[in-house]
Amino acid sequence: MERQFQLELESLKTSLIKMGSLVEDSFRLAVAAFLEHDRRAGLEVIISDERIDSLELEIDNAIIDLLALRQPVAKDLRFIIGSQKLNNDLERIGDHCVNLAQSALTLLDSPGNSTTGGLAATAVEDIRRMAEIVERMLRDALDSFIRLDPELAEEVLENEQPVDDLNRKTVKLVVESLKAEELGVETGMELARLSRNLERIADLSTNIAEEVVFLTQARVIKHQGV
Amino acid sequence: MNQTPPVSMNFMREDRKDPAPPSLTGNTGGMSGAGNGNVTGFTTQGLRRRFRWDEFLAEKLITVVAFISLAAIVMIFVFVFREALPIFFQPEKEETAVVESAEEETYGEEYLGEAHRARSEEDREASRAETAGSEGRATLSNLAGTRWQPVSAVPQYGILPLVVGSLKVTLLSILIASPVAILAALFTASFAPRWAKEVLKPAIEILAGFPSVVIGFFALVVLASLLQNLFGYEYRLNAFVGGLAMALAVIPIIYTVAEDALTAVPRYMSEASLALGASKWQTALFVTLPAATPGVFAAVLLGFGRAFGETMIVLMATGNAAMLSLNFLEPVRTMSATIGAEMAEVVFGDTHYTVLFLLGAILFLFTFLLNAAAEVFIRQRLLKRFRGL
Amino acid sequence: MTTTKTENTKIAIRDLNLHYGSKQALSNISMDIAPKNVTALIGPSGCGKSTFLRTLNRMNELIDNVRIDGSVRIDNVEIYDKQVDVVELRKRIGMIFQKSNPFPKSIFDNVAYGPRINGIHDRKRLEEIVETTLKRAAIWDEVKNDLGKSALALSGGQQQRLCIARALAVDPEILLMDEPASALDPIATAKIEELIYELKQSYTIVIVTHNMQQAARVSDFTAFFYMGELIEMDSTKTMFTAPTKKQTEDYITGRFG
Amino acid sequence: MKRLRRKVLGSAVVGLSGAAAFSIVAVVIVVMATIVVGGKDTISWEFLSTPPREGMTAGGILPAIVGMALRVLIMSIAGVPVGVITAVYLSEYAGAQSRLARAIRFAVNTLAGVPAIVFGLFGLGFFVQFVGSGMDTLLSDGTDLHWAQPNLLWASLTMALLTLPVVIVSVEEAIKTVPQDLRAASLALGATKWQTIWHVVLPNSLTGILTGGILAVSRGAGEVAPILFTGAAYFLPRLPGSLSDQFMELGYHVYIMATQSTNVDATIGIQYATTLVLLTITFMLNFSAIFLRSRVRSRQMR
Amino acid sequence: MERQFQLELESLKTSLIKMGSLVEDSFRLAVAAFLEHDRRAGLEVIISDERIDSLELEIDNAIIDLLALRQPVAKDLRFIIGSQKLNNDLERIGDHCVNLAQSALTLLDSPGNSTTGGLAATAVEDIRRMAEIVERMLRDALDSFIRLDPELAEEVLENEQPVDDLNRKTVKLVVESLKAEELGVETGMELARLSRNLERIADLSTNIAEEVVFLTQARVIKHQGV
Amino acid sequence: MTTTKTENTKIAIRDLNLHYGSKQALSNISMDIAPKNVTALIGPSGCGKSTFLRTLNRMNELIDNVRIDGSVRIDNVEIYDKQVDVVELRKRIGMIFQKSNPFPKSIFDNVAYGPRINGIHDRKRLEEIVETTLKRAAIWDEVKNDLGKSALALSGGQQQRLCIARALAVDPEILLMDEPASALDPIATAKIEELIYELKQSYTIVIVTHNMQQAARVSDFTAFFYMGELIEMDSTKTMFTAPTKKQTEDYITGRFG
């Protein structure tokens, strides 16, 4: 049966990669919706979330079947448990992408939609930078899973702090612009929300990286740095 | 064996004509590879019952032969008992062709000790005298008598001395053989190093392979004189010599069966004992031997049966005098030896003949009972123990 | 995912009862076995798994005092019909036993036994058959250079695969396996399981196993027997994640007895 | 203290049983040596190839050897096939409940323990008196005593019966060692019952069957009791010409020479030599059986 | 071994109950920090999050060991998988509680901290109502797990919608008050964040309830309603 | 969690080598076995697990042609020392075999065998011992009314527990078990495993098993043997979630050979 089981593990991995690329797409689209004012992209994100959700369920069931029918241990078990967490994280990232997209759409819809001048522009710029970093984090995290490359995963972890800082800075900036009334209230709120969601996605990418470390090296690093 | 190919070809053709159900053709598609021409698929035609000549003939033939075997065996029961039966139904039958038996040929008693020869010579004279006017009778009371003088003028058919003789020799041989054989078996099964087994086993096989005449010969020619010189008793040939010689014949039987039973005690059983901290001899005495007791007991019973029916050894080594005595150092005459010595000269159908058959029947019954008992011990008890049934 | 009673049934058992003397060993079994799938029979010792398996090729008839009633239809043919020839039936149903039982002949002769019985004596034909079936049984590479060697010289796992090859050589459609791997170590077991997985492409397989994990690994459907009754049968996935009957749940989670 | 007692007890048990075992070996050696030493000088080609002369006080033992060979041959031809087929019936065809099988088994088991002398009685009563007389009546109106007297045929047939249980039991035993699994495998492959017997059961018990046959032959060869009054002749310096002749026989000859000889002391060398020849022949038979059996065993081990 | 395994499952359950009560405590404290301006409570939440995190890790490891060493199937497997998800959800709730506490602390610290008048008061009132509902949801979800009571779990699911509505309403209200400049910018932002976090906790409580349904009835209802 | 070489070691094996004739069956085994813990030995067939187990109570000495060198210390006493009495040694080390092997005696006599061998003949004492050990072996309730019944009349699982009781009756400190449940069905197996779990409160247990899941369930430490070598030994948790050696990983995940 080993060979059969190998195949099943492979197919689980494939599903996860698919899930990962769906989520990456979502992320890119959501960012585009905001940065390039692409309403279509925003809507697409919201629609595709349903596919992500159903894929998550599918993978979850496959994992339960594997646990029930194959009784994995050691490496295999770690891979399956890691996959389960990855799956969960990806779904959450998907949700945050929806949030991003919603914010972007709200901004597009809100009448006082001006994010061009002064502080707002800086905030947008920050968000763009965050988005870039987070996109890379997400990609690297997924790559590290695909290649089961713990070193790449460790690289992802290094990016958490910068994103955190950027987020804090952005939120502060937004608050100040709001105080200075340079920004519409809604715009400000959404910008802050965007920033926070990006930060969460970075967090979750970190989680993914941590899981890759766990499943390749049987080493738990989650919550360890806290 | 010779599956006739045309038949299966036929079925193939029939199958093709038959509009097979769709599920069937669906299945046959995937099945190729090892195909050997068999029709695939389950169809009423393909599975139809067929008649096989070879099968039928083989079965009938084998059954018939088995029947013949059984018949032959049953005949033995029937004949031995049938020939013995008249004794109980022929109260007044006249002995017509009495005692023309030539003395020269009654070899049964020829080689007795000198003293004895004289005595039987006298008996014969006496009986010849009596024969003149009387008839030999075998009545039940006569049978229970203490004198066995079938060829005297007034034949005496008292089988008691013969029965006692048989028992004497048999008991003696068993008393000598069982301890030796059982201990030897225990030794082989539990203690013997490999080299000892390699010596012992062939020795036993050789002993078992000795024809009984050979043992008889040895007892008669070597043992008898040796023992007499050693102990200085009166008669050269006696129950003791016979018993000892008989022990030689019985040892292999007891040994083999007992050793089988002992080695059949599964190894894991003795291992269990050893692992509990018992030593080898404790294991042998407290686990192996008790576990095998039914087998060992059966071994003794089988030995007993064998000794009881054994003819040639007693014929040659016991002196063959039908004396009723409990002294082991006197000659004895056993039932089997009596038959062996006298049957060749009796007249078909006369009383002597019938009485000899009666002796045969008694031997038959007795050994039968012993064997049945041994069977019970081996089959029911021993197997039950080891298989945990 | 439960079996359906349509044409997608290879073996249909209805109200099967079996008695050994006065002792009932199977009670009212009805079951449908899907073609080209592996159906596993599980249940505690003595629940009748082997007995059930052996009713499918009428091997139980070899035992005295067996009484069988009910219906077993394979491809819609009633195998307990008076007209049915047992010998022909058994040719179409391969059987693999718990203890590997190759004949004490050469590897070649083992596999060729069935075809020869069927009157094939052409050496070329036989060689062909032997090669293809040994390949099918995933043992060709290990033995191709020693076809003349005694089958008894093979390891336990190899012997078992040889027995499978021998069964395949008479070209059956159904394979019955009674704990085929229970006497093997984990490595040989894995090979057999792999093989079963491949064989189900072409054969309908019914397998008895004591090892629940094995049932989980190899089978598509699982039937749970208890005291001669079929308690539950469903897809293996369902049986092992969410069985319906409490007895099944208790048995597979080890809370039984 | 306790341990010491145990040690002493242990040595006693081992020592005693060892002594018993080796006393058997000793006896065997003594008996063999005696016979070999006593007989080796008399053995010669002439001794083996000529009939006895001068009232058996000189000459050889050829007729006895030939008689024994003929008896064993006829016995085997008559007994072994029947025994084998019956064993096949018992193990393959008869169901466990079959009455016939149970009757045969019972009879065989009983017969296996019946003393040889009783077979002699049967031979006399049945073959000589019953069958023989019947044949004479049929063939020559009972005027001529031809078949109704002890002869080679009756002795051999009696022996065949004697060995029948031996054959049946040992062949059935051999067939039983063919695992049930193999039969099941064959049947499950669609072989018929007879095919299974022919291709699987018999080939795999062949050595066992041979062993059984040889064991039976050697058992028969050594027996003297049953032929005492079914066909053996005291002295008959020619070879038997037909089945209805009496014959000399080696074992019987030993018995006669040792007990009936007119001059025991003068013939003692001949007696030993005859015994030695008998012993040699039975051993050769026995050892071939042992050899075969060990081969079977080692094959079963594998 | 069954008995031993039973004990291990029991102990897993006990750990989860402990985890649940820690999280509940956190939640109550966080709410108190905001509603009763209890700085101490807020700080406690942040501190106790570490315990929750380490307990999560502990439970996670116990689950991996159970999967590796006990090879559970059927009911047991569902229980273990359900526990794993519950564990994860509880940890996330814990994180959201920290967010709540942080918001509360920010509000306490911010100079223009006035949530008393007008619209702000309404918002606070809404949040209080949300907090009450969410608290009950969380409690019920945990209870339904403890008692393996799928009916109680289904009740939890019914509360998701009201909380959602309240959240939407509150955020709108805050935005409006900000526009009306009735609220300090920071205050507004934190109120919105509070509301959003509560909504997330409600969501996660719903997840817990869904898992209870799964592990008692082998029925997946997650994402089904979507 | 790995074994330490301190006083917390019941059995310390160092550089153990064992040859059957010229064939080396164990190579350079060094291992520490913790007291009152269950240590499982796993590995493919023929890797030397049973051989190793039997060196611990010198049962291998029963086989001709065995050569052993190296050191086995129990409680710091070298058991291969010339001074050591094998019989005394074996009394302190109980052994349970693959096939349950009760003596064909009554249940009572089976358990009383060991004490009797040791010179205890007082009926009262014996009854006491029998009762306590049968209770310990979790079989008292099932047999208390039939102590005079033949042990062979018990079921396989009961027999095995009786054998455990019999071993306990000589009051050992160590129990060696060679696949004690491999001949049992899952239900009887579960009972034995439960019992092992309880026994480790009082005994140091070393168990050979073919069944990896069983090792996972019952043991605290697991040692993986391969071709006569000890490849890896660690806490069972570690072995089954994150073994260090690739060979171990491959074996327990079934990717071996």
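As written, the chains take the letters A, B, C, D, E and F, and residue 1 is the first residue of each chain.
Rule of thumb we're sticking to: a contact is a pair of C-beta atoms (placed from the backbone, for glycine too) under 8 Å apart; a residue touches a chain by one contact, two chains touch by 3 or more.
Being a predicted model, the structure only gives us computed values, none of them experimental.
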{"item": "Neighbouring chains shared between chain B and chain C, ordered by label", "value": "D, F"}
{"item": "Fraction-based call for chain E against chain A, same above half, different below", "value": "same"}
{"item": "Intercentroid distance (Cα basis), chain B paired with chain A, Å", "value": "93"}
{"item": "Distance from chain C to chain A - Cα centre to Cα centre, in angstrom", "value": "50"}
{"item": "CA centroid of chain B to CA centroid of chain F, Å", "value": "48"}
{"item": "Chain E: positions in contact with at least two other chains", "value": "1-2, 5, 64, 68, 71-74, 77-78"}
{"item": "Chain C residues counted as touching two or more neighbouring chains", "value": "88-89, 91-92, 114, 117-118, 170, 190, 212-213, 216, 240-241, 254"}
{"item": "Overlap residues in chain D, where contacts from two or more other chains coincide", "value": "192, 195, 199"}
{"item": "Every chain pair in contact, whichever chains are involved", "value": "A-C, A-E, A-F, B-C, B-D, B-F, C-D, C-E, C-F, E-F"}
{"item": "In the complex, chain A residues that touch chain C", "value": "1-5, 64-65, 68-71"}
{"item": "Sites on chain C touched by chain D in the complex", "value": "57, 59, 62, 64-65, 87-95, 97, 99, 101-104, 113-114, 117-118, 152-153, 163, 166-167, 170"}
{"item": "Residue numbers on chain E that touch chain A, as the complex places them", "value": "50, 53-54, 56-57, 60-61, 64, 67-68, 71-74, 77-78, 81, 84-85, 88, 171, 175, 178-179, 185-186, 188-189, 192, 220, 222-223, 226"}
{"item": "Residues of chain F touching chain C in the complex", "value": "44-45, 185-187, 190, 210, 212-213, 254, 256-257"}
{"item": "Residue numbers on chain F that touch chain A, as the complex places them", "value": "212-213, 216, 239-243, 249, 252-255"}
